[in-house]
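Same chain, two partners: subunit A is paired with subunit B first, then with subunit C.
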Partner chain A sequence: MTQPIVAIRNVCLDYGGFRALDGVSLDVNVGSRIVICGPSGSGKSTLLRCVNGLEPFQSGEVFVDGVGVRTCKDLPKLRLGVGMVFQHFELYPHLSVLDNVTLAPMKAKGLSRREAEEKARHYLDRVGILDQADKFPARLSGGQQQRAAIARALTLEPKVMMFDEPTSALDPEMIGEVLKVMRDLARDGMTMLVVTHEMGFAREVADEIVFMDKGRIVEHSGVSAFFAAPKTARAREFLDRILLKI
Partner chain B sequence: MDWNVVSANFPLLMRGLGTSLQLAAVVIVLSFPIGCLIAIGRLSRRRWLSAVCAGFVHTLRSNPLVLILFWFYFSVPLIIGRSIDDGASVIVAFVVFFAAYFGEIVRAGVQSVGTRQVQAGLSSGLSYAQTMRYIVLPQAIRSMRPALTTQCIVVFQGTTVAYVIGYHELMHTTSMIAERTVRPVELYSFAAVAYFAVCYAGSLLSRHFEKQA
Partner chain C sequence: MRYEFRWGMLLEQPYFTWIVDAIATTLHLALLSWILALAIGIAVGVMRNTPSRALRFAGALYVEIFRNVPLLLQLFLWLYVFPELLPKHWQLYWNRLDDAPYWTAVIGLSLFTAARIAEQIRSAILAIPPGQFKAALSTGLTPFQMYRYVIVPYAVRIIIPAITSEFLTIFKNTALALTIGVAEISSVARKIEAWSFKGIEAYTVASATYVCTTIAVIVLMGWVEKRAYIPGLIKREKSDA
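Our next item is the complex of A and B:
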């Protein structure tokens, strides 16, 4: 078996007495699509931030393509391999969409402007907003902004893409267009680690579901098993509540 | 009223205004970059560095400018054992004093950009310095422009404090002529108009930036 692209090993994280992550371990294999769900404050987003070294943790280790995050001397290089999409898009408001997408390829990866723009246009086209390339982010709808943010991450050609509640800040009618882009990515074989409450998306696209509560993974199963019969009471309760809402 | 006293002394008064503007310009050009360094220091994760910078800012902001000036003018020569030039002590005192204020403006500007933008930059593989340079500072400076302009006006007004050690800026020049000619009303009125013109032009600029932001 090939080694996992991301290997999370017994990660613990304390925020001054509050245990945000409590011994989390998870393997993300190449080509797998893992959805992480759970109540707010359960540590899902924190876990993603540990993977690319944005959040320092006290014990355990995360390996990205075999490189340990805690001992890594060159975090910027490691992060190039891990695309990240945020809940609130985090496009840079002072730059056009195209410049948003080309900034890191040029400054972090050392591509020429021409190469970077070529790649950027390719990925903007792929998420369906090439015609918005010269606009500033504030001119775009929420759905378009999030698709621009996805293109920005894809242009670095990462080995794994992480999504942190990518549709939570969107109006309902814009969720679909973002999920479609993510579904297309999954179909093309992208390795994905997705924190979301979109259970429809999880059921359709994911092959594993991780359920977190109070900083721990309380359930980790295949999609059909999870939706058919959650093993833990906590997960059952959560599913009931979230599915009833929809 | 005898306004002739103003026209008779006009070249001298203008030289005073020129000295005031020059002093303000030198102070701004030197204290802004120092303020930037202090702001970066205050935001540093190194506890001792941010404590030192915070201490500097709080000390300076909790003292009147005139006292800081006296301190440099009277105490520093005693400490170092030799006299220093009037102009030098004025500039050093003003730069130190206003660097603290510029530092606070820059710190607030950088913080207004928010950590999520920093995280976005870092997660795309940019270094911390690159994230600051390409993402945080351009946004921070845009939002800081009105406050920076206002602070420049305050610096210009602050140059009047140099009067107390006989530095020949506009306030001192005006009072010298007023004493000599015994025409304080006309001369101080003229000085008021001159200060108003410069400061009002500055606040118009500040308002312009505010509208842009």
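Our next item is the complex of A and C:
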């Protein structure tokens, strides 16, 4: 059996008395697509930030490709292997889309401008906004901005992609174009860790669902099992609410 | 008694050379101090937002010292007290320096202005969404690269209007350098008055120098602001968006 690309081991995180993560363990195998869902404040986004060392945690450990995040001496290098997409896109507003995408390949990976631009154009084309490359982020629609942010992460050619509620800040019309890009990524075999409330996407794309509540993983099962019959009452209640909007 | 205007005397020697030299001194004193103030101000402003407590404390200490002591007093301290604190052979070197007052003024003006710029940079950094920091780090940039390529360029763009004011202020603050013996335009105006009793003409030249340079700075910074303008940020968009 191959080693998981991300191994989360009993991670606990306290925010001054508030337990944000309470002994979370999760394996992400190469090529797997895991959707994390749960009510707000359940620690989903916090968990993602622990994986690439953006959020320091008190105990437990996360291994990315065998390297421990807490003991890691070179976090920037570790982060190159973990792409991250944010709810509010977080493109740099003072740089053009192309410069947004080429910044890290040039500065963090040491590619030349020519190499970086070539890669950037390839991935911008892949997310379907190559024609927007020279514009500033604010000139793009929300959906286009999020696709640019996905291209920014992809250009570093990470081993895992993490999505933190990538469609939550978008109009319903634009959600589709972002989900399509994510679906294409999944089809190409990208390992994905996705926090989302898009249950349709989860059902279609994910192969595992993790349900979190109050900083714990309450339920972790295959997609069909989860949607057919959630094991816990809490998950059932959540699903009812989110699917039926009651 | 009637005052007789004699504007022509401003073109006579030695006054004309004095004025030209003094204007040049005022300009490069202000520009050099400005460049140093920006560099130090940005560095201190960044320090005040870092996770390191020691750096934050050092930054806060710097700002509180330099913005809470009057600039005039700071210039005196740099001129009279600072050399006493230097090691012996540096002291000799400093005292033998012909333009020690000039360099004293550069130090005083830049460190004072840097404290004010640092506060503006600090507040600009606080206004940047925290997600920008996370995004930059998540792409593998080091904290230094994050500040160098994302945070500081963003912060500086936010505060260009405030920075313009500081730029104007540093020009006008150069006048204080006359108290420590720098031959900038205010001190030369005074000297011309003492020599010729033509105070109105002399002080008019000095005032005009400040007004002209500050207007030039306003035009320049307006251009910079336009060039550095972030679409969709700060300025209200016209209907083209």
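The criterion applied here is as follows: the second predicted complex is superposed on the first by the 245 of 246 C-alpha atoms of A that agree within 3 Å, B and C clash if a C-alpha of one lies under 4 Å from a C-alpha of the other, contacts with A are read in each partner's own complex, and residues count from 1 in each chain.
The criterion applied here is as follows: contacts are C-beta pairs under 8 Å (C-beta built on N, C-alpha and C of every residue); 3 or more make two chains touch, one makes a residue touch a chain.
Here the structure is a predicted model, which is why all the values come from computation and not from measurement.
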item	value
Partners on subunit A (subunit B, subunit C) - clash or fit	clash
Partner chain in contact with A:S42 - subunit B first, subunit C second, else both or neither	neither
First, second, both or neither for A:Q145, with subunit B first and subunit C second	neither
A:L156 touches, of subunit B and subunit C: first, second, both or neither?	both
Partner chain in contact with A:T196 - subunit B first, subunit C second, else both or neither	neither
Contacts of A:F136 with subunit B and subunit C, given as first, second, both or neither	second
Touching both subunit B and subunit C, residues of subunit A	49, 52, 54, 75-77, 79-80, 82, 84, 86, 88, 90-94, 103-104, 107-109, 152-153, 156
Residues of subunit C defined as touching subunit A within the complex	129, 131-132, 134-142, 145, 149-150, 153-154, 157, 228, 230-233, 241
In the complex, subunit A residues that touch subunit C	49, 52, 54, 75-77, 79-80, 82-84, 86, 88, 90-94, 103-104, 107-109, 136-139, 149, 152-153, 156
Subunit B-facing residues of subunit A, complex	49, 52, 54, 75-77, 79-80, 82, 84, 86, 88, 90-94, 103-104, 107-109, 152-153, 156
Subunit A-touching residues of subunit B, taken from the complex the two chains share	116-117, 119-127, 130, 134-135, 138-139, 142
